[in-house]
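Input: structures, listed below.
In what comes next, chain A is part of two complexes: it sits with chain B in the first one and with chain C in the second one.
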Partner chain A sequence: MDIETFIGEFAEQFDEISTESFGPETQFKENDEWSSMTALSIIAMVDQNYAVRLTGDDIRNSTTIQHIYDIVASRVA
Partner chain B sequence: MAFLSIRNVELKGVAACVPANVEENIALSNIPDVEKLIKTTGVERKRKVTPGICTSDLCFEAAEKLISELNWNKADIQALIFVTQTPDFIVPATSCILQDRLALPVDCLTLDISLGCSGFVYGLSTLASYMQNGMITKALLLAGDTSSMTCSVNDKSTYPLFGDAGTATALEYVEGSEGFKFHLGSDGRGFKDIIINDGGYRNQVNADSLYETTVSEGISRNSLQLSLDGMNVFSFGISKAPESVNLLIEKFSIDKAAVNFAFFHQANKMMNDRIRKKLQFEEEQVPSSLKDFGNTSSASIPLTMVTQTAAQLQTGEQHIIACGFGVGLSWASMYCKTKLLVIPQLLIHD
Partner chain C sequence: MINPFSLNGKNILVTGASSGIGKQIALSAAQMGAAIHITGRDEARLNGTLEALTGAGHSSKIADLTIEEHLDQLVANSPKLDGLVLSSGIVKTLPFKFVTNTELDTIMQANFYAPVMLLNKLVRNKKLNKNSSVVFISSIGGNFIGTKGNSMYSAAKGAINAMQKVIALELVAQKIRVNNVSPGMVKTELIGKATAFTDEQFMADEKNYPLGYGEPADVANAVIYLLSDASKWVTGISLLLDGGFTLQ
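Coming up: the complex of A and B.
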């Protein structure tokens, strides 16, 4: 897996954000559009594309897309 | 791994009863971004009991109607299992009370099972196990919850989702019948993911139990109310439910293409859509009652059967899968064939 693709997939879970405005250090929870429902979309995306199970704590303890990427990368079979 | 194959028992009928009171989620002005929440969860409205009405009242009505439409003699009913997490009392078991209210024989076996979303399938496996050698020939599984009574009105993660319902399912010993196949599991590491923290014996009721605290924006509740970690439960549901159904299909060489209906516990639309897609079922194979009834806990599978597929289940033979998953954490999947089920119209409790 690579971070560029992951950022694209991550950004797709937001309705009104262009992929270009997202980077590894983007603090996704600071975005106005972020909500508990976006979190579920992220969990579903990671399950679908990487077959990795993200927990609530994974999301709660992460601030940047890089954090989430690192968790997923560490669990990919 | 807990697999069960139980022969000689058949599903004969299913009935469901809901309260008359309907609450529209769009009218919940205290819930932030309620339109988006309705879109994501798929729950537009749900039925709510008025205080004083218990799960057992809804199940009682469903059972009476089902017994009558089956033309069963009550004297022949030898077992009653009641699955709920909203019993009449902490002590005694509500199933004993229901035996008396339904005027079933005093030598009828009764048992309460404390499970929620997985409870219908767990209850079926228990009751069918009791019956498989023919000593018990007719039995009832009553399953339901009044979860609305446990939710804080100021908690967006529970209040808009949960609705109330009670159901009754009739099982009969039929020698030579193919019966049921089950896969069952549990993972107590997630016991805090869906929990009412106080009021049991680990954390007894105390003065602080009634103190409402704000956990995050839109989530305020006290310790006697339901707490749900939406992200953990979502993550659990979309992985465990498909895994369990796949294990069931592989273990018992079930012809997936021949499955007419796969009934899943009605958690929320986003979770149920994901589960359906992972299992590659078509939309028409997977009925849903979320829109009008929300998440009705252990009643969700039989309620969906009654409200969405009664016509098909009443006529001809159907191959069905049912899968419940949630509080515990606990999950269970079942496969069986049904034929000419007796399904009374949805009952409304005034």
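Coming up: the complex of A and C.
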């Protein structure tokens, strides 16, 4: 897996805000759209695309997209 | 004094009895005097339930109710029943846009087809005695409320409540009663493992319940009422168990 693709997949879960500036260090909860629903969508996207099960705590304990990427990369088969 | 809630002398089949709500129903119904026949997929945990049952006459059988041969074997080996509790089920949290045919099929097979077809085969094979009672474990989800990420589970539970209305009417001729309990959030291992909620989110969510989250015993006690002769005038109902959640 690579971080550029992952950022694109991550950004797809947002419908309202502009995600053009999204990068590894983007603090993904610091915007007007982030909600429990976005969190569910990130978890579902990771499950679907990488067969990795993120938990609510994984999301809670992460601040940047890079954090989530690192968790997924560490668990991907 | 006669206890109208007694289950003395009744043979009761409980599915999903290896853990959670199903396990508690088996334990509580045994305490009320019933001979309990339990089924589930996990042999070690199902044996754990069997060993914890008080009283006599109990049995257990490993079965995956989504497999037709298992259903048929379970029905063939079942004694004549006075009660049936359909408590097996799985959960999967998925936003609607991520739902696929495969995911939906898995949830519907386990939560709708399996319980309904077990009941169908028991009726077909005349395994339910006159004056017996059938209880589906349904949910407030799909029937009284919706929760984000829960569309597939809600569909299965809504389907159960809809189909139950007709089943209940049709089985009146055999004096078989068919009801369900529809609980809100109950503290079980299933919920802890299978959802995307954090502990903080659970604690915040529980505040939405005037009486807090339910415990498996709260569901089991309602099921005992529906299994017992105390409810002999009750059929086709959905007994809401939600600590006041849907009042607001």
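One rule holds for everything that comes next: the second predicted complex is superposed on the first by the 74 of 77 C-alpha atoms of A that agree within 3 Å, B and C clash if a C-alpha of one lies under 4 Å from a C-alpha of the other, contacts with A are read in each partner's own complex, and residues count from 1 in each chain.
Keep this in mind: a contact is a pair of C-beta atoms (placed from the backbone, for glycine too) under 8 Å apart; a residue touches a chain by one contact, two chains touch by 3 or more.
Here the structure is a predicted model, which means the values were calculated and not measured.
Asks: For A:63, is the partner it touches chain B (first), chain C (second), both, or none of the two (neither)?
Replies: It touches nothing on chain B or chain C.
Asks: Which partner chains sit in contact with A:39 here, chain B, chain C, both or neither? Use first/second/both/neither.
Replies: both
Asks: A:5 in the overlay: touching chain B, chain C, both, or neither? Say first, second, both or neither.
Replies: neither
Asks: Classify the contacts of A:55 with the two partner chains as first (chain B alone), second (chain C alone), both, or neither.
Replies: A:55 contacts both chain B and chain C.
Asks: Considering only touches as defined above, state whether A:19 meets chain B (first), chain C (second), both or neither.
Replies: A:19: touches no partner chain.
Asks: A:27 contacts which: chain B (first), chain C (second), both, neither?
Replies: In the superposed model, A:27 contacts neither chain B nor chain C.
Asks: Can you pull the chain A residues that chain B and chain C both touch?
Replies: 36-37, 39-41, 43-44, 48, 54-57, 59-60
Asks: Over in the complex, which chain B residues touch chain A? Could you list them?
Replies: Touching chain A: residues 33, 36-37, 40, 157, 229-232, 234-236, 238-239, 270-271, 274, 278 of chain B.
Asks: Hey, which residues of chain A end up touching chain B in the complex?
Replies: 35-37, 39-41, 43-44, 47-48, 53-57, 59-60
Asks: Within the complex, which stretch of chain A touches chain C?
Replies: 36-37, 39-41, 43-45, 48, 54-57, 59-60
Asks: Which residues of chain C touch chain A in the complex?
Replies: Counting only chain C, the residues touching chain A are 93-95, 97-98, 148-149, 195-201.
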